[in-house]
Amino acid sequence: MKAALVGAGYWGPNLARNLVAQRGLDGVVVCDLDPVKLEKMKERFPSVETTRDFDAVLGDPEIGAVLLATPISTHGPLGLRVLEANKHLFVEKPLASSTAEARQLMQAADAAGRVLMVGHTFEFSPPVLRAKEMIDAGELGDIFFISVMRVNLGLHQRDVSVIWDLVPHDFSILFHWLKESPCYVNAFGRDCVQKGIPDVAFINLRFPSGVIANIEVAWLAPSKLRRTAVVGQKKMLVYDDTENVEKLKLYDQGVDFHDPETFGEYQLSYRTGDIVSPRLSNQEPLRMEVEHFFHCIQTGERPKTDGASGLRVVEALEAAETSLRTGHPVHLEGRRLDA
Amino acid sequence: MKAALVGAGYWGPNLARNLVAQRGLDGVVVCDLDPVKLEKMKERFPSVETTRDFDAVLGDPEIGAVLLATPISTHGPLGLRVLEANKHLFVEKPLASSTAEARQLMQAADAAGRVLMVGHTFEFSPPVLRAKEMIDAGELGDIFFISVMRVNLGLHQRDVSVIWDLVPHDFSILFHWLKESPCYVNAFGRDCVQKGIPDVAFINLRFPSGVIANIEVAWLAPSKLRRTAVVGQKKMLVYDDTENVEKLKLYDQGVDFHDPETFGEYQLSYRTGDIVSPRLSNQEPLRMEVEHFFHCIQTGERPKTDGASGLRVVEALEAAETSLRTGHPVHLEGRRLDA
Amino acid sequence: MKAALVGAGYWGPNLARNLVAQRGLDGVVVCDLDPVKLEKMKERFPSVETTRDFDAVLGDPEIGAVLLATPISTHGPLGLRVLEANKHLFVEKPLASSTAEARQLMQAADAAGRVLMVGHTFEFSPPVLRAKEMIDAGELGDIFFISVMRVNLGLHQRDVSVIWDLVPHDFSILFHWLKESPCYVNAFGRDCVQKGIPDVAFINLRFPSGVIANIEVAWLAPSKLRRTAVVGQKKMLVYDDTENVEKLKLYDQGVDFHDPETFGEYQLSYRTGDIVSPRLSNQEPLRMEVEHFFHCIQTGERPKTDGASGLRVVEALEAAETSLRTGHPVHLEGRRLDA
Amino acid sequence: MKAALVGAGYWGPNLARNLVAQRGLDGVVVCDLDPVKLEKMKERFPSVETTRDFDAVLGDPEIGAVLLATPISTHGPLGLRVLEANKHLFVEKPLASSTAEARQLMQAADAAGRVLMVGHTFEFSPPVLRAKEMIDAGELGDIFFISVMRVNLGLHQRDVSVIWDLVPHDFSILFHWLKESPCYVNAFGRDCVQKGIPDVAFINLRFPSGVIANIEVAWLAPSKLRRTAVVGQKKMLVYDDTENVEKLKLYDQGVDFHDPETFGEYQLSYRTGDIVSPRLSNQEPLRMEVEHFFHCIQTGERPKTDGASGLRVVEALEAAETSLRTGHPVHLEGRRLDA
């Protein structure tokens, strides 16, 4: 089986590097409309074949799997054609530009009996996985709230807002950690540089469990921040992706809440304890992700980041975008996930 | 003239220390209902007189000025009696627990011809003042947005929410910097530990100029943060009050926005430049504040942090609390201040 | 019993504050030649008596203990007179300006049966004590080397070098941790600002156990550093006194050395592990120190930082100063301490 | 002209990457005794030719330049053969394993009229170059001292000490900045893990101008440090290579030394000022270095890091190694460089 990468732009070369290194593939084809990008790809990865003809990719029986790294608006239409051509499909995040399209992709994958996976890369990253272990083990106690900052001096995109560009990461991380999707989404923001393209946004989420979250995203901040704090009853976890060494820190400090039994009033005690920065593995998330896609193709396993996972993120993005446009919060179903 | 400090609790000793050191006072009287607190005060500042009788303070013709450091709910009623007794009044932040009370205090001060000042201490702090200079000088260019985090493991208050406890600082700082009060206030939060007392909140503000802000406050986070980022068209300013040395940093990096002239599309260029941490003076904000109060008494000058300043903060706090309770944003008048 | 503090200069007020708070004392007398300093002392601590007459202190039968915070060159002569007047003696670090004087003080204390204690304050500080526990428990494994930086923009002293001013801290900490005194001292430095007064020095130590150390001290560096790294076979400990929260960090990373059995060559494996910043108590070291002095007076216990401890530090300081002057290393006896 | 890279080990691939990208070359040949390494090289850089035959490289008239990335002990013998074969020579740092060999290389290069360049890569790195500009412009004032820490958990080398492994970087940087070579070298260290192979060392240098330096190097420290502080009369510069953003910081704080006019005593004043982290370019030092080598070949210019530069570093390394072995400082000539 060969695999095809469609889209040789900003993110494409990272996927190509991992495809070329993937064992068991009979070849890698890269498809893009732009011959200059194809030439660069060929230069860097001489073993790949290149083509400008998407139909040829679809018609090639040797190509069993397609990875889409094209603009968001094309994920739906191109992805559908891949599945209809009976090939396994990997789509860069977000899965689609609307829930309608995301659902179509899921149905098409079911109908064809093909694997559908979305590139929520952070769900394969060592700090996110380690944090998940701690949360699942109850180390933090009940989670109170989550605060996220993802700001930097970004590439302004002409077609999508900062929400569609940056927030898929955080939605996929949070839903994965909490094992639920939000029932309330409110977004507040501004289009500071290009009118009509929001470049800073603050998003509030509420989950069925009661957990609340605030996510700040911006393309305008010269000091890059990638900081997520999960505050629980027992401990607080800080995940800082700009740190080289101490990406994850666990603060054993918190408020002990003693039930007011006979005393007639609330009693609070304050503890402070050790701070631990756990050891993390060095595995490249993208490599884990690509290997997982081919593993699922071989074994028939359902991907960790399957169509449903992609849909949840798209649904929340859509809600955030709607909220930003209308100025009103959006209420969603809010589901407990069986993870 | 003597001065009286009413309230010898958590914050009282800091005011007492500065009152005792204030030149030109004929004495300092400390008033509290709790004799233990008075005894401690006397031990630490042997020169002060102490009393449990608030009426005696009001009736003492030698006492020309009163400083209130009592619980928020008492600011209005006690403050009114001070002004009605024809004494100058300093009230710890926030000025009052409602706009109605704040307005009463302002009217009473006007009627009595006495100085009314509110303890927005940060408006006297070197980093906030230096930041104001930079903003006023246009060093940041047009301001796009402001992001504030003020979280720590706090003392839970039984009577007020985290909004009334922590946000007065940030409202007073932001209104001072921007020279305007907000036209939109939305608050989102949760009462994690004590039911009915919100202990984490995210507040969104929009100002008449278009500037937006997000303020995160919490009593539950073991890793203390005091970080305010002001992102402008030319530069970004970060004020981190937990830093010992580099409290203020100016990032000369940003997006240059070139108008689209003949080209038919937007052009953006990215710059990066030096980072500067300016020298700051070592003056104690509280000392500056107390001196300013007595300076205004002597000269008849209007305090920087006058009743109107206190009212604006109370109005926005009230709006935030209402929004948190109702789940809806609150629209305010939003005024340009003549500062 | 009353206690007398002699020397009301830079460090004196800190001792005075702790003396005034010390339970069981019948009074505190402060003695200094400078009436301005005495007046300030009186202003800040109204309960103290003041005097310019050192002989009156010695002759006062109510005064049972004297604390010396005078210039280093006076520690020996003044201290001797205190002990000869049959009073307990606390001397600020370093104990004396020469080993000869330090030995005289020890003999005089023995002869008089009085307590002699030296103010090696860091031996009472929570991070140093916690580090000692870890080292003693073998958590670091065999210690390989220690690296110390103690630099800042210092007060230049007219009479002593940066070695006598800053290194007593590090010598007392290191000897305490390692339970040995050095057999080799080499110093290298320069008098950059005032000719004849070295203001930067690098000191190399070797201990009988084989441990080596490098200590950098300077008065000239605008960015303050207080960093001590202890590198062991199993773990590395970093003590950074400028950190507010994470003063102590333990790095569980290191080289495992497997003995070369049949393989004919050395085998090394690398591990990396968690980083832990342990919880520390908030006790003020100086308070612990002053309490320990009075505890020893009452119980007859030998102080942790006794004359022998002071002598070891003075001996190493003398060696470092000699090495700096002559350009040659100084070899000392190097003793294992029974701690 | 083709270029040949000899040595495909740890560092070789980095050179290969830059050779392949170098314009104007007719081809790149990689030579190594190990066929596995050659195969990996070929895989990664399919355009290169590979060979195990060093003689074939020397005999190939198309190959005009050779880059040596072999073990230190082979730099001299292999380099001589390259120059005798009339080819231009680039040698990874350090230039040779002794001053005798280094001089032979210089003579051979002169005799053959070929370019001889040593890979002091840091002299091409943006922070080092920016620091040099500041120093040359007198921004720091007279330099007082330099303190260097270069420690990490390193690969233990079986054949050379930590001095030959890590110190070439710092010697080349310091000599470049100061424009002089040291007149005094003293080294102190220990072989903690493998007997006979020092893995921690502290090196003291004195320069003819009076500047002193302390360099700490170790393979044993789990917390990586790359910090160089240059303390001058006016300012202090800190270069921290582990920082992502603020690699260089300039502290405008220092001691002003006023000459003692009529006052009969020294007067010192203390200033503190801004801290600036200047913008740095993103150029890859290795790329600049490789381009410089080919630029010198084409133009006949003398390389910045020529044989004399390499010799100075080797001379100081030899002195440090001797000092470490004998326990005595080594006195060198100490030259002012015409840079």
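The letters A, B, C and D name the chains in turn, as written, and every chain counts its residues from 1.
Here, a contact is a pair of C-beta atoms (placed from the backbone, for glycine too) under 8 Å apart; a residue touches a chain by one contact, two chains touch by 3 or more.
Nothing here was measured: the structure is a model prediction, and the numbers come from that model.
Please name the chain that ends up farthest from chain D once chain centres are defined by their CA atoms averaged.
Centroid comparison gives B as the farthest chain from chain D.
From the C-alpha centre of chain A to that of chain B, how far is it in Å?
39
Could you state the distance in Å from the CA-based centre of chain A to that of chain C?
54
Would you kindly tell me how far, in whole Å, the mean C-alpha position of chain C lies from that of chain B?
For chain B versus chain C, the centre distance works out to 43 Å.
For chain A, write out the residues touching at least two other chains, lowest number first.
223, 245, 252, 272
How would one label the connectivity among the chains shown: line, ring, star, complete, or other?
It is complete, because no pair of chains fails to touch.
Quick check: in the complex, which residue numbers of chain D touch chain A?
So the residues of chain D in touch with chain A come to 46-47, 223-224, 242, 244-245.
Under the touch definition given earlier, write down the residues of chain A that touch chain B in their complex.
144-145, 147, 149, 151, 153, 156, 158, 186, 188-190, 192-194, 200, 202, 204, 206, 210, 212, 214, 216, 218-223, 229, 231, 233, 235-236, 238, 249, 251-255, 257, 265-266, 268, 270, 272, 327, 329
Residues of chain A touching chain C in their complex?
Answer in residue numbers: 245-246, 252, 272-279.
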